[in-house]
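Chain lettering (A, B, C and D) follows the sequence in which the chains are written, and residue indices restart at 1 in each chain.
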């Protein structure tokens, strides 16, 4: 095919009026037909439509075209589409070249004449490159029929269960001692008011018991290498200092811990207390205790009381083991799902709301623990308890503040966190439910009740006597210094009445938003992911590939990709599972065809490329050069991603990325470099 | 320098960030000057600094290399290599008498369509200031 | 032919008098001299020993377009030099003029080369006799000399205040008259003869070429070449600067769709010179290439054209950065025992 | 001072070894101020070796210049070592060649020659004129003493030293198996004043300067071929597919060639100055290289050819690399 004389077909797309209204398409077609090697030049309204594609297929079949240029939208949009078209017509898909005359021409230039001239040049450059395009072979590699799921919140759990239910092996790695994630901390879920724990716990148990799932809690991925279908991951199982095979989860150890009730519980958002040896929460899965090595006296100070560790003493199963060490486990998997979740916005970054100063200013997540039946207060919204958790008062005048750390450029978060409007509405309802007499005010910028049943729920809450005041509070401060007086002043302008208010409340709940995990960088480095401007992981395409990443075989699920509520998270998790399953079930995957190759007769063996390659895809190997043994570079095509950094490092041009070879780029420069 | 002079800029954009950023500028209908012609490469690390020499020889009045922000490279490190290479190539060209304003580099992410326009505007402005780059043009261009 | 003279301070006028000719003379860029078309007659000077780049480029330019083409089109546009205008090469040294007589033999043999021939035919050569040979001059060993007339149309002697011009051909005579030169007297002729004799005495280096052309083929495999080739850089200095080296390569130079086929100086010292498409190279190392350069000049060329392709200008010795000295090679070749060749 | 008897003795020993293929050093030239690189294969040739202020060439260039013939079937390739005599500056080439894996450290025997500077042939020619007889040069304190056609002449060392020697910071070899003489004191310093001076020109002035220089170039590639770092099997400059630079000699192609050459030596040039020395048309080639050397040092705190363990400059990066012009 490639040895034949180039016979190029040029197809210029009108894209409705998107291109045609600015670029003189017939003029571009006429110009294209004058270019060397161009056998056919046509225009069409929508090249990407079936009739458009059929035009190309017909021409390939009847006129023997062996190169195709589509001048239309961005190749990032439709390159795969037209590659498929070529393939279906029996032409190697890499004989396609696209000229981007929409995103980078008709949509950005106003002057019709100039845009037309530019379009001509872009087509000409595409012809120049098409003349030297080569057929590439798409190679298949086997896919190891398994998936590694990072994170065991609801997203990770759902994805893991779906894949496991389909009959394939899943490794679930969770950083904390228990699965469950943020959802397990929630009391009720909006708008249906299902009990969060009730709907989540069965899934948590399933994930632990599923025969196809290997669950690794209190573990972290240490290293990942390989490529789609063939990943190798090293997982660090952190020492729990408790032999999980012996631990029965009875809890005697925790009761006997010398620090029992003296360590703030992360699960309870520091409102409740735990021991140094602990179960994060009663329904934790696995129900195995873990020793916090930073808090445990024995581990951090080397000494626990005069008699030695009380937990070990108390454990009749003999499960406590202070000698336990981290364990490294190597696994192989074909696909990876990243479901690392989110952090809630740190309210201390909005000092005007005084969260750090007053105990009765709390975050939404703290509120969840406060009203949870399994929470530290047994579900009573008690404020102002003493250190032992005794006493306290029930608030009478409760305020909820929207958009804390969301839609707020001053903290660097321009985005909407999507869940706060509804969770605050739900929380207002819960207060109404628990304290029917309470005065409840919600301070909001906008109320976004866009989901199924949201608007109805919002309406219900208002009808329950929750007052919505449109205004973004500027300050929260204490009315007076009296420690017995809990009254807070919320300073706000009611933007509907243009009235400046100083409202009195005795409890303020901050509707904190969702943020990327603070340690997101580690995950990025590990899995070679990219971030969107908001800092969440970037999907391969915001519309059409919302669960894929730029790295083949790695998918996203849940809030690590962006804030979303539980149903959306579950839906995305199912999407990610389905994407992973496509690879796993088919058992084969095409690897990048546009990889680098070495012309070994030109290679001087300096190893510049080896050092530059970010994927370790190149090595120096012995070559017999007419009896003399020399070192030359060799590319592992399965590891190569085709970035081409090697080619720019190579002095002689011996290593080149296919489809982006020097001899394919220079003709483009030759065309586009000329000033018109 | 004639009033009519409209510089020709050749831009090498990485597929994942800057080319996508340019696409976003298009999707957002951000208007910019048509002086710029884009060549897509997979990574800014692919851009051989000698492409610049070639571009200037072919008649480009300025060049732009644009990649992902440091740390965001789709291929992890390509833009770091590119940064080193072009810093040096720029210095070398400057030493030979090529106005440094002709050699530009930027970090434009897939979400920075607006920044892309700013980068183009600035690149064009600098090339305008430097004047037409005729002295390096291939002597045998017009056959 | 005639004997003429002019006052040296009238040099610019003499050169400037020729309206119908394109005049080429040595011009300096820094310390480096090569022949250039004279734009300002007052820049012409006799104050030089010889040009770095020999005037062969006037007949055989470094790069020459043969034809132009466009991809996909079968018609081509040939480029033939327009040499209707007469050219005067002014101040060429006798050795470089003699080199034309050698190269000419090749370019008129077999397929006459229109490019070289046209230029050569339209050129009138006004030589400048040498009074100060450089240390590596050895023209006398090859039948030339500071006052050699081979290939010239006229020979000038810089006698200090006066320049004596001896015309050798009709063309030379015509130009001398067109310059408006006055007749020379015996005094100038005598002074010129004395200067030539003096210059001859200043040529220190020499080689007896007797027997060399016949012997070299017997040394084909001889290891003695390695004494020189081992330090050879494989660069083009010796050949590009040689007035008799005449090899060219033909390459296509292209834009995206348009191009030209051009020929350009090539040298047998580059490994690519003999590199076959298959990857095989019959002259794979510098040994074979060094041998070829010397053998071509001193054996293959005389075998075919009866003349050694060297004029003893000394440039290859002067400019070789690793002191590969052709006289040294020739001397060693004479000492080398042909039978040793088998041991290589 | 290097005692040539000792130098020859050491060379003889090395050449006598069974595992040594050749030794590269210097020998007397055939005329004038020339010396010649010597490639010796037999211990009996050791007496040809010299070391004096004419020994300007960099013998390390000839390690990588060697072309290997195809090995006949059934025979083993010659893997014997190459021995090389190096001055301080030359040794940096060996270091950089090792960094770039041109050969392995145990593939070469390096005899270090501490050096007090060599004479610039062009400067000597200007001062004393030319001759067809070999000239002998000795260093005596701050003078060079010449014997030219049997006559003794003297010239100040400072005026006759090659430019690279004036600012030499590495008179003693940085890598060697053995030194043939005692180390000498460092006399030079390099503040890159010449680069600063050049940079005072405006871009158009610079371009004009180079246009004139590059217009002289005949593309003989001696500057490339002599360079100890230039040993690609196929150089991009002469490559046909693709054709980066055209073989036609005009100011555009010549300029492109010289930029390409200087670019490829960025972070690799070890400042032996051979490129400029060999140029038959006197192009100040090192002016380009020195600019890169200075900038590489300033921007990346990097100096090639001093550390065998170093990573090649452009095959590594620092996340904090400067990027002041990047938009």
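Some points to look at:
Keep in mind that, in the parts below, a residue touches a chain if its C-beta (ideal position, glycine included) is under 8 Å from a C-beta of that chain, and two chains touch if they have at least 3 such contacts.
Quick caveat: nothing in here was measured; it's all calculated off a predicted structure.
Comparing the CA-atom centres of all chains against that of subunit C, the greatest distance is found for A.
For the pairs A-B and B-D, the count of C-beta pairs in contact is higher at A-B. With centres taken as mean Cα positions, subunit B sits 31 Å from subunit A.
Each chain gets a centre from the mean of its Cα atoms; for subunit B and subunit D, those two points are 36 Å apart.
As a whole-number value, the distance joining the C-alpha centres of subunit B and subunit C reads 46 Å.
Averaging C-alpha coordinates per chain places the centre of subunit A 73 Å away from that of subunit C.
Contact of a single residue of subunit A with at least two other chains is seen at positions 125, 601, 612, 649, 662, 666, 670. For subunit C, residues that reach two or more other chains under the stated contact definition are 253-255. In subunit B, the positions touching at least two other chains are 49, 54, 57-58, 77, 81, 85, 140-141. Those residues of subunit B lying in contact with subunit A across their complex are 6-8, 10, 15-17, 19-20, 22-27, 29-34, 37-43, 45-49, 51, 54-61, 68, 72-78, 81-82, 85, 109-112, 132, 141. Of all residues in subunit A, only 601-608, 611-612, 620, 625-629, 631, 649, 651-654, 661-663, 666 touch subunit D in the complex they form. Listed in rising order, the residues of subunit D touching subunit C in the complex are 22, 29-32, 34-39, 57, 61-62, 65, 67, 69-70, 130-133, 212, 215-216, 218-222, 224-226, 238, 240, 243, 246-250, 274, 277-278, 280-282. Within the complex formed with subunit B, the subunit D residues making contact are 198-199, 201, 203-211, 236, 244, 246, 248, 250-253, 255-256, 258-260, 262-263, 266-267, 287-288, 291-292, 295-296, 299-300, 313-315, 317, 319, 321-323, 325-327.
Every residue of subunit B that touches subunit D in the complex is listed here, in rising order: 49-50, 53-54, 57, 70-71, 77, 80-81, 83-85, 87-100, 104-107, 118-119, 122-123, 130, 135-140.
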